[in-house]
Amino acid sequence: MTRHQPLSAMQLPRFAEMGTFMRLPRTRDLEGVDVAIVGLPFDTGASFRVGARFGPEAIRRGSVLLRPYNASQKVNIFERCTVIDYGDLPVVPGFIEDSYARMEEGLAPMVDAGVIPLGLGGDHSITLAELRALSRRWGPLGLIQIDAHPDTWDAYWDKRYTHGTVFRRAVEEGILDPSRSVQVGMRGPIYEPDDYEQARRLGFDLITMDEVRGMGLDGVIARIRARAVGRGPYFLSFDIDSVDPAFAPGTGTPEVCGFTGYEALVLVRALTGTQLVGADVVELLPAYDTAEMTAMLAANVAYEILSLFALAKGERQGSA
Amino acid sequence: MTRHQPLSAMQLPRFAEMGTFMRLPRTRDLEGVDVAIVGLPFDTGASFRVGARFGPEAIRRGSVLLRPYNASQKVNIFERCTVIDYGDLPVVPGFIEDSYARMEEGLAPMVDAGVIPLGLGGDHSITLAELRALSRRWGPLGLIQIDAHPDTWDAYWDKRYTHGTVFRRAVEEGILDPSRSVQVGMRGPIYEPDDYEQARRLGFDLITMDEVRGMGLDGVIARIRARAVGRGPYFLSFDIDSVDPAFAPGTGTPEVCGFTGYEALVLVRALTGTQLVGADVVELLPAYDTAEMTAMLAANVAYEILSLFALAKGERQGSA
Amino acid sequence: MTRHQPLSAMQLPRFAEMGTFMRLPRTRDLEGVDVAIVGLPFDTGASFRVGARFGPEAIRRGSVLLRPYNASQKVNIFERCTVIDYGDLPVVPGFIEDSYARMEEGLAPMVDAGVIPLGLGGDHSITLAELRALSRRWGPLGLIQIDAHPDTWDAYWDKRYTHGTVFRRAVEEGILDPSRSVQVGMRGPIYEPDDYEQARRLGFDLITMDEVRGMGLDGVIARIRARAVGRGPYFLSFDIDSVDPAFAPGTGTPEVCGFTGYEALVLVRALTGTQLVGADVVELLPAYDTAEMTAMLAANVAYEILSLFALAKGERQGSA
Amino acid sequence: MTRHQPLSAMQLPRFAEMGTFMRLPRTRDLEGVDVAIVGLPFDTGASFRVGARFGPEAIRRGSVLLRPYNASQKVNIFERCTVIDYGDLPVVPGFIEDSYARMEEGLAPMVDAGVIPLGLGGDHSITLAELRALSRRWGPLGLIQIDAHPDTWDAYWDKRYTHGTVFRRAVEEGILDPSRSVQVGMRGPIYEPDDYEQARRLGFDLITMDEVRGMGLDGVIARIRARAVGRGPYFLSFDIDSVDPAFAPGTGTPEVCGFTGYEALVLVRALTGTQLVGADVVELLPAYDTAEMTAMLAANVAYEILSLFALAKGERQGSA
Amino acid sequence: MTRHQPLSAMQLPRFAEMGTFMRLPRTRDLEGVDVAIVGLPFDTGASFRVGARFGPEAIRRGSVLLRPYNASQKVNIFERCTVIDYGDLPVVPGFIEDSYARMEEGLAPMVDAGVIPLGLGGDHSITLAELRALSRRWGPLGLIQIDAHPDTWDAYWDKRYTHGTVFRRAVEEGILDPSRSVQVGMRGPIYEPDDYEQARRLGFDLITMDEVRGMGLDGVIARIRARAVGRGPYFLSFDIDSVDPAFAPGTGTPEVCGFTGYEALVLVRALTGTQLVGADVVELLPAYDTAEMTAMLAANVAYEILSLFALAKGERQGSA
Amino acid sequence: MTRHQPLSAMQLPRFAEMGTFMRLPRTRDLEGVDVAIVGLPFDTGASFRVGARFGPEAIRRGSVLLRPYNASQKVNIFERCTVIDYGDLPVVPGFIEDSYARMEEGLAPMVDAGVIPLGLGGDHSITLAELRALSRRWGPLGLIQIDAHPDTWDAYWDKRYTHGTVFRRAVEEGILDPSRSVQVGMRGPIYEPDDYEQARRLGFDLITMDEVRGMGLDGVIARIRARAVGRGPYFLSFDIDSVDPAFAPGTGTPEVCGFTGYEALVLVRALTGTQLVGADVVELLPAYDTAEMTAMLAANVAYEILSLFALAKGERQGSA
């Protein structure tokens, strides 16, 4: 039996004792913990709308309707995994390099203890801190990135650290292995054709939304799985702007023509068998959300990621 | 010729004389009436967000863009049916059992007069009152329930009457015949696998959203029709949370990955040939709606249900 | 030195680690505690708009800008008092009598330990539970009620427990001493002249808003203090609808022409010297709030009440 | 005893059977009626934000919290007056002169029957139709206009009929007697000093907001009463933009620094003794409202006007 | 090289220097210009919600995320075309015929100079002015109309000029050639079956949404292209209400069951090879928008239309 | 006569050609210019809510209702002053020191040309750039700061540049003369009593809101004028959070109990006779605004500041 369980709405109504993901215990005691939900409320990397610093808190509120059994994946997460809400890491709003240092340091206890961090952003710049922290244990990671933008620009206004440059930096730092990495969902007007080619030249398998519509979701899934299953440790980064604004209005750089909410969850569910050692859900900007629609979807994405962890643990236990 | 017609926007702009469904007359004179739109503004059964008490009023406002001819079904509702807006039934906010008594009593004149009630909720708990009232005339009813949740839990906090327990109660009371009933659209995290199995053990044909995606909408329709056409009197209960939050944000317990608005209407349109003796549209919560999007969709659902009544009457007349 | 301190924005940005009042520790350990913030997320007593069940969570979020030193009262709350966030009490949405029992029971450990509860509502019906719990220790309490409505109706729809009948019930139960009690801020259309006279005949000193405008705020304060200072143990109940909707739109039964936010705080600040043994802030309904304006004001009211506790403790210590 | 009463919340909760002002009967039967609430949902005269066509419906919804006894004026409106909701008059959106003709014609039955119309706008252009209709019975009327703008411009874009020119037109048509008229609340940047002088040269007593702040509300009231009491039949036109946007955000041409909600009601209450033969509340634009704050205030203004009618009828009866 | 380029976010952040479409220069200098973005902020033709006068400004704000290279069409718009933002044309709010005259006159310089106008509405009534202006150069135009409504009613309230009658007027005036025209996306309840047949009798190829769902998007595209490619000069009119309210809530007469945002863009992208001499995007009503979702989609539609112009110019240049 | 005039609503409706302050010309031609409105869309200095980068654009939109004649000050601004909208200065979101350099450089042409910059923020950190630029011409400036917070903290998270430390930095840099400076409006909970004393020890005359309420607005004005009139060149910095959230919800760190909108304008109007060489309006955060209420108030504040410039120029001309 696992150590912690989310608070059930059968015990206490969902609107009581809100404040943690699924009303799990908020603790920093990592003993026996498999997964730690952790907030990274940093948004200084954002180039347009800003305010994702309130994202972790909003995803937690959006999670209160979740229940423990994932009927699509046929798994009770909390029977398999001990999950906690670790709270938020310290950041320094307005100062990205200091924040990187503090976030990386804040993640270290989890990484050291072998606890999988599930980060709640924050803008996409936070992923660099996560990759830095995790690569110290796992070496260069493969990346599965579900996103409207590749985030592989070199610089904005001569600045190398923004939410649009994070994966180029990770490749340069040797903490991300582009040859094992895949980016899916890119769309919208770009500056020049080379914008996507740059990512491909770096080694990423970049799949645009036009390609997704051409090959179908099953085709996309096959391509991702071919690249990622059995290929070593991976990080899954889910940018909520991969989803269409109709389903996810609360984000900073929305692009029309994205995934539906359903497609987004199906994509995540299909990642069974990949060795995920960390993940995040980023770019939720609650000031632009309506009826908590985006927050609830982000919470469901996090829930599906938890389910992957639970399934993976089950397989390991089953095979043991 | 029917007695009443909705007020046409060609006569008076739609923003004038709002206040009843499609600007039909508000009356309690049931003489010659086929269908009565009736509000059941009760929401004390809600377990999370609350405020569906304002639902009937919002659906009425959302109905002012509707016009009399249903081009998809090729029927002018008001040439076939005399429809009125009966107004709202008395309820006692905060007291579910008293409200059940008053709603059942309030529905009695319609049921006695052979007028089909089309209820506007209110949370889903109201359906029990409708089933009680209708079953006194029709005996145990079959149910077609379009919903994200089966609402067959036994109790919340030891309480037997909530919006999540209503169909188990109806089965227990013998006013619902689960063997003729079908539930479609269930999805989202649940407490345990048994949540859906319970409904099936009660006798419901429960079709999850995953199954819907697997068999396609045509498959679902065939399955519902196979169960329901020619099987006696039915009640159609449409919970607006069956629809995806992108299309229906204004509801109390939203679940991502629902039907599109289009799929929802197609499902309802496909129910021709079932003997509907009552129906409702529930769980609209206008405080969370945006741009009246959900209210307008709920009004369209009610309109499609009216169209079913009109087609059924036409068939009866045609076959006479 | 006190045991707990709110988390300072100088240590961690205010948008991190939200989830408790002023980011105080959430604990049920009452050792050495002076005041416990406690949520009572119940709103089944509401007669119009509903949703105050989300009030406690919203006030907590609205509190993150508060800092420890009250410059108007010249007191650092947390140097004087040990304050915790006790979390939320269990309630049964939809069932007021059961909820009363659970709330009263939930308050008992605080009352028994001599910890002052500062309740966050919830609709105004919750105050009856607080009065019941406190009176077991303190006997009949005096009441200072800042509110747009007297809440002394006898019944709504023959129901004795609603948010509009709570103080009549308390008088009947002998747990409230109307001869020591004062109600201030009543306004708006009423059913009949007797609505206010009833409260007065019960023994309350009811001061309407018209009277407030006539005598001025200083006059009101003098009248309240004359009645309440040195007259035994008191409960302070602050209904956010006492404030004008321009300053507090997020409430359930708004009445125009209320106090400004400033006047509201001045009124609370003036209650030094009364022996407050409990207090609450009620009727915040975040679904109708804008820019968290009402939540922040409610949090400031709670903060001013905390300051009264701190000043009182200082006096007791000073006089010791 | 009067013929009609508003539906009491003690009989039926306020959120049921909404749709008329105070849930009064909607009827065109003028027999024995003293006052008819009537919607004029026209907004083609608006020069900036538009959408006041939804104003009448919003004010009706905003009125459901009102109760029959006005404690400030000590009068039960419905004991004195028979009031109905006459519904909305036909208008032709986009065509102001046709709409004027239809509105004037629509008002005629009320004027002919000696029923006082209380118009719900609509933008301020509607007042011309009301003045035309009423002047046929009463001759040139005096005007009490509470407003941020004098609305006495000559033309916009060479067009003589807009919401900013209505009172110049009325003077020109001889249906308004400027020498008996007063305009109060004007403020904000203007085109040139002559903007206000023009109104004064026409004969209006124009009192700017700066003057209001200088002489105080009592001074203003004295000046209005000196001009209006006992000076023949009057029309009271209340533009909701006279109120500060903090209290009344839902309007079309907001001006900062307006009256508070309280001051607005006090102004109206002070008009006892004037012979009001008609009135309106205009420029409510619900698409910009928040939490129905403006609609509720507009409903309270209408309620205070009803109270004036009730008091006047009482005086006439008392003196008979 | 073209004369003007949009301001790049690489040069200046997107939230700076907003105010023109894609931050192109606002100029009336037509020298060397291929396409002029031009606002027609007129909404007096609207029959229900109104406020599309703020549409041009909102689409401009919604355009700031667009970048120059259209990856789906493989074209850099601004390498091929010189595009300017011409600003807004003068209109007379409240007076449709005067506004038509001014808009037609305002468009003349562009038409005379051979500059393609891309109009930003405003309600759909503005298209008549554009057709009038363009037909003086091009003769009767073919029309591709993407819309929920055919807008071929004869009159509303005996008025011939509204947003619902515009295309019947254009046919009557001989400036639109219905035999070359196609209307796609019609849906929702109508007054009578003849509503669509009227349009067809006028000569339009009207494709309802039910037909779209039957033949699939590829089928629709084939049918449009068969009618329009190589058939002379065309006008493309895109009514944002063709899109489902989930994707485009900010509009005046929303109809459920519309195109997704993706389908809308695909439809526009498919119009290569048609000789477009003008186009517009109409019926954006920002007061009902959420998170600028509709404005951003409308801006993307305009961007896809610009791309068609760029591709067409490329072909002409290529074939030269 | 001055070179430029705002576009009059009498010429073109206010909703057309929006995009600059009062629809003045957007130009960088400083010839003959007295005042330049200039946007500083920077918000990386914000410690709580963020998004003031959209402030300049919002204030411009909020300015379209303004007209040229200030009736309270009896001055037509544009008869006295040539005013332009200079557009926005380049900033580097996320990097405060680079942004300071660019803003200071961007202001230099105005300062060099003797043009008064009227800055639109942005968060309060921008003021340091303005003071740096202006002090190069004028030497150390006096400051009139209307604000809820003194912004004289030493550091946040060891960072010296934030919106809360800006005036301490300016004193340290010798570009601000605290002995001539006054801060008014401070309120709300603070960290310790020394928070305000620090500012006073630096030399500021800090007037808390409690003191304002004690001495009255006239007293405050007298105190400011005594300190500032005839005391050399001044900078006026107006933080919109000085105003109560009821009047100005759209800001980043709201504090209840602020000035009313009217008091704010009266304060600014009272600053005649001070030698203002620059000014700004900061901390407008439109994502939290409602009905553009805050943006319109901010635009009115800017308008009152323009009026001060116009009056000052008149005096200089009059005395010449």
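Going in written order, the chains are labelled A, B, C, D, E and F, and every chain counts its residues from 1.
What we mean here is this: a contact is a pair of C-beta atoms (placed from the backbone, for glycine too) under 8 Å apart; a residue touches a chain by one contact, two chains touch by 3 or more.
Every value quoted in this text rests on a predicted model; they were computed, and no experiment measured them.
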item: If a chain touches chain C and chain D alike, it appears here; value: B, F
item: Given chain C and chain F, the chains that contact each of them; value: A, D
item: Same vs different contact residues, chain A with chain E, by half of numbers used; value: different
item: Where chain B and chain C are represented by their mean Cα positions, the distance between them in whole Å; value: 41
item: Whole-Å gap between the CA centroids of chain A and chain D; value: 56
item: Residue list for chain D, restricted to those that touch at least two other chains; value: 13, 15, 47, 53-54, 92-93, 157, 244, 246, 288, 290
item: Arrangement of touching chains [line / ring / star / complete / other]; value: other
item: Full enumeration of touching chain pairs; value: A-B, A-C, A-E, A-F, B-C, B-D, B-E, C-D, C-F, D-E, D-F, E-F
item: Residues of chain A defined as touching chain F within the complex; value: 43-47, 49-51, 53-54, 92-96, 98, 157-159, 161-162, 287-288
item: In the complex, chain F residues that touch chain D; value: 8-10, 13-15, 64-72, 74, 76, 244, 246-247, 260-262, 265, 290-291, 293, 296-297, 300, 303
item: Of all residues in chain E, those that touch chain B in their complex; value: 47-48, 156-157, 187-193, 195-196, 208, 210, 213, 244-246, 249-250, 253-257, 288-290
item: Residues of chain E touching chain F in the complex; value: 12-13, 15-20, 26, 39, 41, 53-54, 56-57, 60-61, 87-93
